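The structure appears right after this line, and notes come after that.
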Amino acid sequence: MNRIPVGVLGATGMVGQQYLSLLAGHPWFAVRFVAASARSAGKSYRDAVAGRWHLGKSAEESVYSITVEDANDVSRAQAAAAEGRCVFVFSALEMGKDETRRLEEAYAACGIPVISNASAHRWTADVPMLIAEVNPHHTDIIQTQRAARGWKNGFIVVKPNCSIQSYVTPLHALLKAGYDLKRVIVSTLQAVSGAGYPGVSSFDIVDNVVPYISGEEEKSEQEPLKILGDIAEGVFVNRVEPLISAHCNRVPVLNGHTACVSLEFGTVKPSLDEVKKVWSEFTSIPQALKLPSAPQHPIIVREEPDRPQARFDRDADKAMAVSVGRIRPCPVFDIRFVGLHHNTIRGAAGGGILNAELLKAQGYIAV
Amino acid sequence: MNRIPVGVLGATGMVGQQYLSLLAGHPWFAVRFVAASARSAGKSYRDAVAGRWHLGKSAEESVYSITVEDANDVSRAQAAAAEGRCVFVFSALEMGKDETRRLEEAYAACGIPVISNASAHRWTADVPMLIAEVNPHHTDIIQTQRAARGWKNGFIVVKPNCSIQSYVTPLHALLKAGYDLKRVIVSTLQAVSGAGYPGVSSFDIVDNVVPYISGEEEKSEQEPLKILGDIAEGVFVNRVEPLISAHCNRVPVLNGHTACVSLEFGTVKPSLDEVKKVWSEFTSIPQALKLPSAPQHPIIVREEPDRPQARFDRDADKAMAVSVGRIRPCPVFDIRFVGLHHNTIRGAAGGGILNAELLKAQGYIAV
Amino acid sequence: MNRIPVGVLGATGMVGQQYLSLLAGHPWFAVRFVAASARSAGKSYRDAVAGRWHLGKSAEESVYSITVEDANDVSRAQAAAAEGRCVFVFSALEMGKDETRRLEEAYAACGIPVISNASAHRWTADVPMLIAEVNPHHTDIIQTQRAARGWKNGFIVVKPNCSIQSYVTPLHALLKAGYDLKRVIVSTLQAVSGAGYPGVSSFDIVDNVVPYISGEEEKSEQEPLKILGDIAEGVFVNRVEPLISAHCNRVPVLNGHTACVSLEFGTVKPSLDEVKKVWSEFTSIPQALKLPSAPQHPIIVREEPDRPQARFDRDADKAMAVSVGRIRPCPVFDIRFVGLHHNTIRGAAGGGILNAELLKAQGYIAV
Amino acid sequence: MNRIPVGVLGATGMVGQQYLSLLAGHPWFAVRFVAASARSAGKSYRDAVAGRWHLGKSAEESVYSITVEDANDVSRAQAAAAEGRCVFVFSALEMGKDETRRLEEAYAACGIPVISNASAHRWTADVPMLIAEVNPHHTDIIQTQRAARGWKNGFIVVKPNCSIQSYVTPLHALLKAGYDLKRVIVSTLQAVSGAGYPGVSSFDIVDNVVPYISGEEEKSEQEPLKILGDIAEGVFVNRVEPLISAHCNRVPVLNGHTACVSLEFGTVKPSLDEVKKVWSEFTSIPQALKLPSAPQHPIIVREEPDRPQARFDRDADKAMAVSVGRIRPCPVFDIRFVGLHHNTIRGAAGGGILNAELLKAQGYIAV
């Protein structure tokens, strides 16, 4: 099978690098177009990232000789699309919210689907905020989106904040199994890579905990309600419950967000064994479709008393699985557990790639 | 004023060293007796800790030439007491629970008060678990203790686990101000020094979070109920509320336990400003008595969005104050905050010394 | 091809676990025999390592059901050998030097080759200290060893200390290219995993450097002289030069030893370009034999100004390559460079496995 | 005694904060003037550093209400000088080299002595690069400087790079004791605070070593030769020996630069005991003058096998002493040792303050 040529916007930044690293050797997609800020435009990708590559794993060899385009100039992507080098783009743009919003819309308007990591469109009324295993049907809104905006092939989908993925998939699995959720109190212990690069100063975090991440608690409390919600008559209907209270902390860990969760069910309260069963057995559309980046088990249940741990569990199943453990009764609510996921893979670029695979399988990406 | 000669049991261990370091130059107490395991007995303290001193600050110079006694041989302390070298002992014993219990009782039985850091007697019915600012009146039980056991000068008091001190004093201040507390969910991010020495292997904690500390959650949930309770007719009456749910994590921080707390009040719910006022203005007996180790403000309220932080706030007011911040509404309960204290000073040896100062001021220590 | 059944002594320790992790799926060797201390004997390997597994990657599934034998009881391995379950053993014994020496000899004496990670036999006159790319011909001594000791199939080979591998292969490549070496001053920055488990206390190394590792500098200075030496008339003739001065430091890094090296040549002094060429082009017997664990390039030359770095380069080529960089003139000697290797793979278990592959290819292991 | 009113240029940056923190309660100097970039000008110091204070210890209370001036506008300092609020300035400017050079000269030209932390003037022919215990007589050049430039009260002195202080004072003490030094090979393990703020990204240094710091090796090799040199006929005569080769590494340590040093003497080679004696007994002008920031012993000799260590020794004697240890023979040169100092105190702001105290005592600062 010929791989689908794709583009990456913001290709020189931390998330852009993560995309290129994960897409190296991808069975469906091949990067043929890279765009970044005007400063990098005109350089080969090799030159543009010289001295700025922050990952262990490289991009695909062929990417390094591609000339970086100016991401602000949509006509460059249009030209690439016309030449068959850019069927859709991953957006890892790192600019202001309004700018990002406008620019992503400009790409979509000229027929290029945008699968975005940026937060700009998360609360746009007709844009789905997608976790492939949780709300794959939210892509239904794309029809509405295209119709309202007069886009033919283009569309925009986004992924949620990286802080929520350690608990949203477990919560969804319980809802899907028929258990109502009333209240959630969660404390996150988040890795420094979540802040991008250079991100957190070493002077701030060595031998320290920073109990605050700007804007993170709001996102951690509100985004799940859209993701866990429904679409009715072409409009998102967000959930009202569970109420979520999030305490977000930065800790001296490179990768892997840990979440300590206390959970209150509605009237029907599953046993701990039932909870474990629900999570162990949970699978969803990406698994059924055998998408290349889908983990075999979206949720891995650990039985050891002291797992999951960031360093040992973040890479589970291509770093795409959420690991949960310490499932035990809560003296205040009903159950407690610890969730963990790899924030820059499952929670960022890997999640974006899985979204693209889902959209391809659902037929939204025309080749 | 002549300083009171005191002893330290378990003087060569991590907590024992912390005691000796903090007691260097203490205005009331002078260490004249040190005891440890049989292995160290007979050596000078200098030789006993050679190559094993883990702190930046040293013991008082005179301590280094004291001969270490065998802590298991109570007659050594009795002899020292007879010679006026040991009016009471700080117990930093690191042995089994039953052994510790018996040994501490043996010291008390022969007239030597024991101010203990060990956990062995925390739930003994007639032993107070003391935070000097929170339950100074619990020392009333000493009368009962002495009477029941036939001890004349001896007694035992203990301090609670280091994990709870970031939130128990704030909770107490609210109770004292008349606000009822129903439920608390807390996640702690605890420093490696809390595990003693060698404690946590570097291989387990560099670039990692360990979401489990054996026995810690139970202590964090139950000990506050004894401390916040009352004495009625010579018997402790523990509180029943607030219900507490604790998630305890080990993080790569040297000193300073952080606690993220969500709190539900009873029917009367103070405003955030009222909560800040209660905490800022809280003082207690140790402050009234101007005890040498008492912090001027037991609770320091920080207004910055990102404080308290372990590295910057653990040393506040001789490392004896609890710093709180991020006082904000909780979408699930009523308020949320972050508390922080120095676990090996406020939460261990410093807390023990403050307890001794209180007991001296209360007249329990006869000189 | 049927895989050769092998054993691991000390299989439950840190190095033993590393062996089992690396041997999972090995094309030539399959672990069929595991031995450890009497305490673990009789348990399944799964039970023996429950709660003690320190690595991200597991052992091969079949290993977990093997019953652990007492490593002190050589007859167990003999029985296993007789049943075709143990053609040779990897020794990861962690006991006293004399005990290890005797025990490894006992295994060899009953016909079981011992490929050892222990330091006990490093200076034994007829035991080769092997880095497969540097002194593969030192296995010639096995004939002498067998003859002198009356061993038929058994033999002992060891690998050197993990601290030296960042510079010994580069030094060897220069010698092989005809450049004489007079003096070397090296400072190592060593990872905590080099101390085993639990090894370095987190309290000693977070926010710290420990400029001392017991015995390490002596090994770092002397072992290269045996490895870089020759065999003449059945006897090792150690090199006398280069003189080596080593400063060994422990730093807060999980894996990967860094070495800063200043080097003085003899009269013929290669240019920097020549040095880079020698290193880039260096290959040896393991590469020629295409041994499964051999890195394609034993030495990887990095041109970036700030590489090699532990986190980014330790895993290069299955974590079996030495990465060098910052090759530049030395104002005091001739050249300077930074070398780096993965201490528990290239420098320990991975090196041992490569040694076994070499010995198999050389015909010393009879199947 | 009335304290001398002083100013701090670059007062809001990391080094500026360090100055203000160390000057809090200083017996001789009181900060009455603060200047920073145009962005901060006009704000109170409190507002200017809100959310940007990186230290545990605060500035003196009175500083917070001072209005920050624009450091580029020398007339502001002139006005302050005229009003008796600024007798001299500490320069912690963080701008380009040429700009810094011109600006520091402008301050000096209008009569305000500049005691600088910036590197701009380190190699200016008539500017002394001062370590108060090593080359206090280099201030003699101020006469030449003033004469040549037509300055009356103003002058400029600078301090050297923070990387060199762990070994330059020990080297100087040996030279002063009459031992000639031929060659030095040194590897430094430098703290992240040396890079300023935000400085090193946490993503670059957690679980890592970066074996490169831009420009640092050149400074580490060349600056000592000026400092250890002499003045002849009003001109600096730099030393030619010892030749120095420096390997500079960044390690995950907050404060405290460690140096591993191999040292070759000239023909007269002191014994290890003689070296220890020279270092233990070394004192200099700042000690004789009892300057407030002078350590009692500029060099502290540690006899433990594993000291000095960054976390335990960086704060020795107000963080102003250099600690040395592991003094042992070198197989390649003559002796080896490990040196350590606090890079942002002894090596930066504390060193600058000591320089100012020296200059005051020497009469260069007119009050």
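Labels A, B, C and D are assigned to the chains in the order they are written; within every chain, residues are numbered from 1.
Just so we're on the same page, a contact is a pair of C-beta atoms (placed from the backbone, for glycine too) under 8 Å apart; a residue touches a chain by one contact, two chains touch by 3 or more.
Just so it is clear, the structure is predicted and the values come from calculations on it, not from any experiment.
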Chain pair showing more contacts of the two, A-B and B-C: A-B
Chain of greatest Cα-centre distance to chain C: B
Distance from chain B to chain A - Cα centre to Cα centre, in angstrom: 44
Centroid spacing, where centroids are CA-atom means, of chain B and chain C in whole angstrom: 47
Junction residues of chain A, two or more chains touched: 206-207, 252-254, 305, 311-312
Interface residues, chain D side, partner chain C - complex: 183-185, 187, 189, 207-212, 214, 221, 243-245, 247, 249, 251-254, 256, 258, 260, 262, 305-312, 325-326, 330-333, 336, 338
Of chain B, residues touching chain C in the complex: 54, 192-193, 197-207, 252-254
Residues of chain A touching chain C in the complex: 51, 56, 206-207, 304-305, 311-312, 315
